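What follows is a set of structures for review.
Next, two complexes with subunit A in common: one pairs it with subunit B, the other with subunit C.
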Partner chain A sequence: METRKPPQDFTLRVRRYDPESGQAPYWDEHTIQLEPHRSVLEGLLQAKGRFDGSIGVRCSCKAAICGSCGVRVNGQPGLACHTHLGAALKSAKDGVIEIEPMGNMPVIKDLIVDMDAVHWKKIARVTPWLLADEDNVPEREHIVPKEAMVDVTQSMACIQCGACVSDCLSMELDPLFIGPAALAKAYRFVGDPRDVQQVQRLEDLAQDPHGLYACTHCFKCIDACPKGVAPMSQIMRLRRRAGSDHHIKDANNGFNHEHAFVKNIRRNGLLHENDLLTDSFGGKLSPAAGAFMARSLPVITRALLRGKATLKVALSHPHKAPADVKRIFDTIEARPERVEFNPYITGTDEDNAPNPPAEAPQTGPHAGQEATA
Partner chain B sequence: MPSHDVLIIGAGLAGQRAALAAAQAGATVGIMSKVHPVRSHSVAAAGGMNAAISVDDDWHSHAYDTVKGSDFLGDQDAIEIMCSEAPAEVMHLEHIGVTFHRNDKGELDLRAFGGASIKRTAYVADITGQAILHVLYEQLMKHHETVQRFEEWFTTSLILDDVGTCTGCVARDIRTGAMEVFTAKNVILASGGAGQCYKPTTNALICTADGIAQAYRAGVPLMDMEMVQYHPTTLVENGFLITEGARGEGAHLLNKDGDRFMEKYAPNKMELASRDVVSRAEQTEINEGRGVGTDGEGIYLDITVVPKKRTLEALREIVNVGRDFAGVDITKEPILIRPGQHYIMGGVKTDVDGVTAISGLYAAGEVACISVHGGNRLGANSLLDTLIFGRRSGEHAAERSRQMAMPTGGQAQLRHDEAMIAGIIAREKTGRRISEIKDELGNVMNDRVAVYREEAGMLKAHETVKRLKEEAQTAYVDDRGTVFNQDVLGAIELGYMLDAAECTVVAAIERKESRGAQFRTDYPERDDEQWMKHINTSVPTDADDTPRISYSPVTITQWQPEERKY
Partner chain C sequence: MRKVAYWPGCVSRGFTPELHGSMAKVAPLLDLELIELDRACCTGAGVIAEHNQELADTLNARTFALAQQEISKGAQLMMNICSTCQGAQSECQERLDASAEYRAQVNETLAPEGLEYTAGITNKNFLWMLVEEIGLDVLEAKVTRPLTDLKVGPFYGCYIVRPVSRLGIDDEHPRDTYLPQVIQALGGTVIDYAGSHKCCGFPIITMSTETSLKQAGRHLGDAKDANADCLVTPCPLCHLNLDLQQPLAAKAVGRTLDMPVLHLPQLVGLALGLSPKELGLQRHVVKPTAVIDWTTSVVGGVEAGSAA
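So, the complex of A and B:
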């Protein structure tokens, strides 16, 4: 915990863009004075209030609840109100805190991006409302397991700030990718026992070439999310529901690829990429595998030329998994049903430990001095 | 020119609920908000929503608790409606998808809350407002064909026709700067409260009294404006809210001697007395030198007595707030809090269907005063208020629009507002900065019109507000553009806040007694004989330029005033 420090100077370098000027975006610097535990948003508001009211930034609650102030601070996406000036200074490359609009969305003005054009369009894609059984509406509430509601609260905790969308690598490559926020929103219904179209939802998202299987597990969205929603984890849970629970075999080969992956690890211990490619398409002798290999020749050639793959590794990979790996598989597969590991519901061991013995609260003239960070 | 049977201004819980209800009743609906709907301040409501849904509970008990909480200033007919319709509303929300937390049997779980005689607060962790707001927005997306959304549009004026009927509004598309007339058979104001008149406040930057001032300027009286709620647990650090749910889950309040001082002030309900009582107790401890913190400016809220697992599951958001904004792990150590401005019980005077004194104009939610909260709102009654009266306004307005033709006109108001904005942009850079005036307003209100009040201080506050109103006329803006010109909107909002703040000060000076959130050190007793009535403030007509005062009776149905003890 940082102790309370007096106000100090911070220089903010803000990415400015005025669509009416006909000029390109530019950098603008302002020096503000605040305590280091104050937020970057408070810094921006001071600059706006004292020096230049034309700085455009959406903001409302200042407390990481409303999701308005998604920006990039020193290249890292997040909420301006949720980033401390002191911490931002530490990650600044030249002593100046750099604030830019989020990525993957068009900039309207300064730090304001067009969320309708990207984020909200993707949310609308996933049928973002509960599809309950309308013929059997209960008189009172639906009776559902306690854990199920805690579980979907994790995706319900999403404040639609767009930080995960900003730095989604898959979306950068494939702008049509449904993306982390919208897929997390989809899990909010797929995980809700009251929704009666879960299978249809999963089928839809699995078959979409820009859907469930377009995520490349880069973890960027988990890092970016200020609310612990862990969008990528929700995507993986959608996949487990689609693949393991409902055996949805999708046109994108996501299902087969996952199964080939499991088979590969079970057999080899470490991933054997040669086998993985062909197994994903039904084995070395399958025509689909052949066609895919042929299509992939340019990529394979480039990989060989750049040393990313070598013939030696490809051909001499051991085909024997250590006993420990085999035991893990045996244990998991022997279970009658899949156990979902989600510390959001279960808590960690530390969370579940009994409260420490009551300590007298700090008192005296210095009490509370440390109550800031 | 957009035209709708029902146009709703504001898209928090009241606005969205009104929109859905009006659409379901067959009206054409437009809903407009200066921010994207999910950014509305309803998102910050944490603890839950009251409804007598337990088999051991009865809405009469909920109503009595609410009347008592209001310090007998609430109108009992309206309170009866709110409390008797609450269970059905909770079930409706559950059916459309709100992820209310469950008990072990899978039924809705209920938590304890301040001023309630039984556990009756349904909740989603401590993000209840967010969870409901996002589910209503899901419904708006679902019903996008019947509810037209105007997101990031700023209302500059209500339009009144020759006979004083409201026929729509003028609004500015924030993204393009374009101004338009929105014609409507009925307008529902659902634009929230006025917390930004105070500094600090738990309220978002957008809570700038827009609808309150628009209705006031159009001639609707404001009621109970002196009743400003200070929430007992806001961070000393920055005024952020720590949910009452913490105390509902069992947290203690401690002074510097480590005493649970609420024993002295509310021996039965302790930390779960009504908010005005708890805030006053804390302020007394602080004023008498028993506060904690560097300058004894706060009180400890000790959440460590709540089982850690329960805290992490049910109070997740304040674990984050403690960690991220105060550097405190609330599962391990107490956190420094104090009373802070949180809510206004007062607002645009309406009846139980949201109808105001102006034909065609409704109000619902924090912008309105029905009055269900009277002198003091109970925790977890605000979400309920927004939803019940949002729905009722939407239904009533839809019904009214059936018998009407679509009005026309409004071009004169449009030209007026365009000129007003051009005038702001053209101001010389000689005046004060908007942010300076706003800070001065917030400070004077928090110093003089807070938990403890007295006449001399409030008269000074009124002088200050009057001077700031003058200065606001020439406050200049830097931004001369049209796209997302937040600067010019800030200048308009400043005017709204000053109008609302003046009504608060004037009404607080007028009420020469102590009741609910208003505690006068110069009149420390409740005086039912003189002051068992609402104070209304209306836009001045004489040269004096001070809000006009009038009174309305309090409606009593079954609960006679009695001494309030917790």
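So, the complex of A and C:
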């Protein structure tokens, strides 16, 4: 393994920028010497110590716990202290490890971004504390079923580093989007049985035009997160709770779109795009559908003229779902409770099988560690 | 002849019929026999999973089981032509393969029709097939009309590049670098631009229309600024936002775009000598005039002015 390798040279290309200087950002290169299993953060600190004390970088624990040293390494967001120099060199385009500040947040200096201006504002937006029943405070602690707390462990693993915020593709074009970190935090309370305002929380997030339904489902945050929180998966769980459990009909067509899609496939087997579009806005006769279709009319006309879609396909959709597909929909939709299998929590057969630790009372790789919040 | 259990998806037979059509034309040239899974249903495109995971997992297990029937009859693997299908199916497969107990429950729902999914199906997008099964050297040898001087920007679609672990992207299978490799094998020039691995915006077109159109417009604009003649994508849903919606995307970002977007089989087909008409290029909303000299059916970059 890499741990045994001797120190070697690594060249770091660091993006430098001091907004107060009035000068444009520029790149700086330093060659440091360390073992390949040491971190990019250690490399940066060596460069700072040996060559240029003015490099701005925020850090504290050096152990992927405090979440201070979020940066982009070769374009990928993550923690500088959690990225090996050897691995970083492998993903480098030209043999030089490129280190930039995180995206979607203003730079204060060099690699330090303004977390207050973006990340913490968004976290504050989702009321990030427990709203317990204050009229019925238990004499001692709240007793909750363990499964319910295991359900929120994944979202609780967040260390607030901002890596997911850095690369959120919805936020890139819609800076007001609440974003992955804050929405994952929201699930932490929506999924907590002690919270008495779950429905209000969901209603609030669903109705916000930059909220629950503004996530574009790009998986960026899942790959960015150094702690396996999978913020996008938490957003989808929020949507399931909002749409399927509480039937919250939002003004952003989120509920309509999801239900129109499901109905569409149940009926047709294959997606019938035209019905989906109109149903997503609340049906063919709804004003919102009319407005969208009117706006799209030139596009639709052009598509028809080009023979891209024929009127027959656009309007009638010849394909119908086989009977067993309908039966699958009916069987599963009729279950009293949704079955939601999350390998993060329960572990996979591979995790659980080969040499099961004799004493392990938990099954999942992460289960138990925070189950008693 | 290499037989594959072929899942074309919905949009390739709906609003982008030229995709399914061009794949059918290209397949024999690559010695592929497509055994169409015509009873299979939509993958859910992430939306059914968002609604009910077990439902999405069961519908896709059904498709996998149908594919496995073909595989037992001689098909090599399952193939799709849609990034979103690949991602949605890989997500369900990840859960189905992770637990025998969960799989048994899903199979119980499939049992009345005699269907059963056995863990470990191989399901590859056409892009992965080209590199991993057919081989770039074989592809290159089949090129009869190299895409000389054609500057092509790759556009993957989120579902086929993230999350990397679920999609089997590693040092041995750098699947997030395959598009440039294919473009080069076809004789074209790869354009490196900011948007190649970003989101087209399609999933939120009805919910956050402005953001969605701005996403499409931003990436198309970046490709234009990088001097691309056209984009190529393995995802028909991206194609909807990038091509069908391009006039609206151009308005949203306040600039002209005029960026032709080709489906992957169309780009391959052009290099293998098929005519633009056979590949349905006339059906695109944005006319691919930068790609094709319509009078001679020869491919060439506009700036290069080549009609050789």
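Heads up, the rule we're going with is that the second predicted complex is superposed on the first by the 304 of 373 C-alpha atoms of A that agree within 3 Å, B and C clash if a C-alpha of one lies under 4 Å from a C-alpha of the other, contacts with A are read in each partner's own complex, and residues count from 1 in each chain.
Heads up, the rule we're going with is that a contact is a pair of C-beta atoms (placed from the backbone, for glycine too) under 8 Å apart; a residue touches a chain by one contact, two chains touch by 3 or more.
This is a predicted model, so every value here is computed, not measured.
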First, second, both or neither for A:106, with subunit B first and subunit C second: neither
First (subunit B), second (subunit C), both or neither touched by A:149: first
Which superposed partner A:60 touches (first subunit B, second subunit C, both, neither): first
Partner chain in contact with A:25 - subunit B first, subunit C second, else both or neither: neither
Which superposed partner A:170 touches (first subunit B, second subunit C, both, neither): second
Contacts of A:244 with subunit B and subunit C, given as first, second, both or neither: second
Partner chain(s) touched by A:7 [first = subunit B, second = subunit C, both, neither]: neither
Subunit C-contacting residues of subunit A that also contact subunit B: none
Residue ranges of subunit B in contact with subunit A within the complex: 35-36, 38-41, 43-44, 53, 91, 94-97, 99-109, 124-125, 127, 130-131, 134-135, 138-139, 141-142, 151, 175, 204-206, 236-238, 240-241, 254, 256-258, 292-294, 298, 300, 302, 304-305, 307-309, 312-313, 316-317, 320-321, 323-328, 331-336, 433-436, 477-487, 490
Of all residues in subunit A, those that touch subunit C in their complex: 90, 169-170, 172-174, 177, 209-210, 213-220, 222-223, 236, 239-240, 243-244, 252-254, 256-259, 261-262, 265, 269-273, 277, 280-281, 292, 295-296, 298-299, 302-303, 306-309, 313-314, 317, 319, 321-322, 324-325, 327-329, 331-333, 335, 338-341, 343, 346, 348-350
Subunit C to subunit A touching residues, read off their complex: 10-11, 13-18, 39, 41-42, 44-55, 57-59, 62, 87, 94-95, 98-100, 102, 105, 109-110, 112-113, 158-159, 162-164, 171, 198-199, 201, 203-204, 206-212, 214-215, 218, 244-245, 247-248, 282-285
Subunit B partner contacts - residues on subunit A that touch it in the complex: 1-2, 18-20, 37, 48-50, 52-54, 56, 58-68, 82, 108-110, 112, 115-116, 123-124, 128-130, 132, 137-146, 148-150, 152-153, 156-157, 159-160, 188, 192, 194, 227-228, 347, 351-356, 358-373
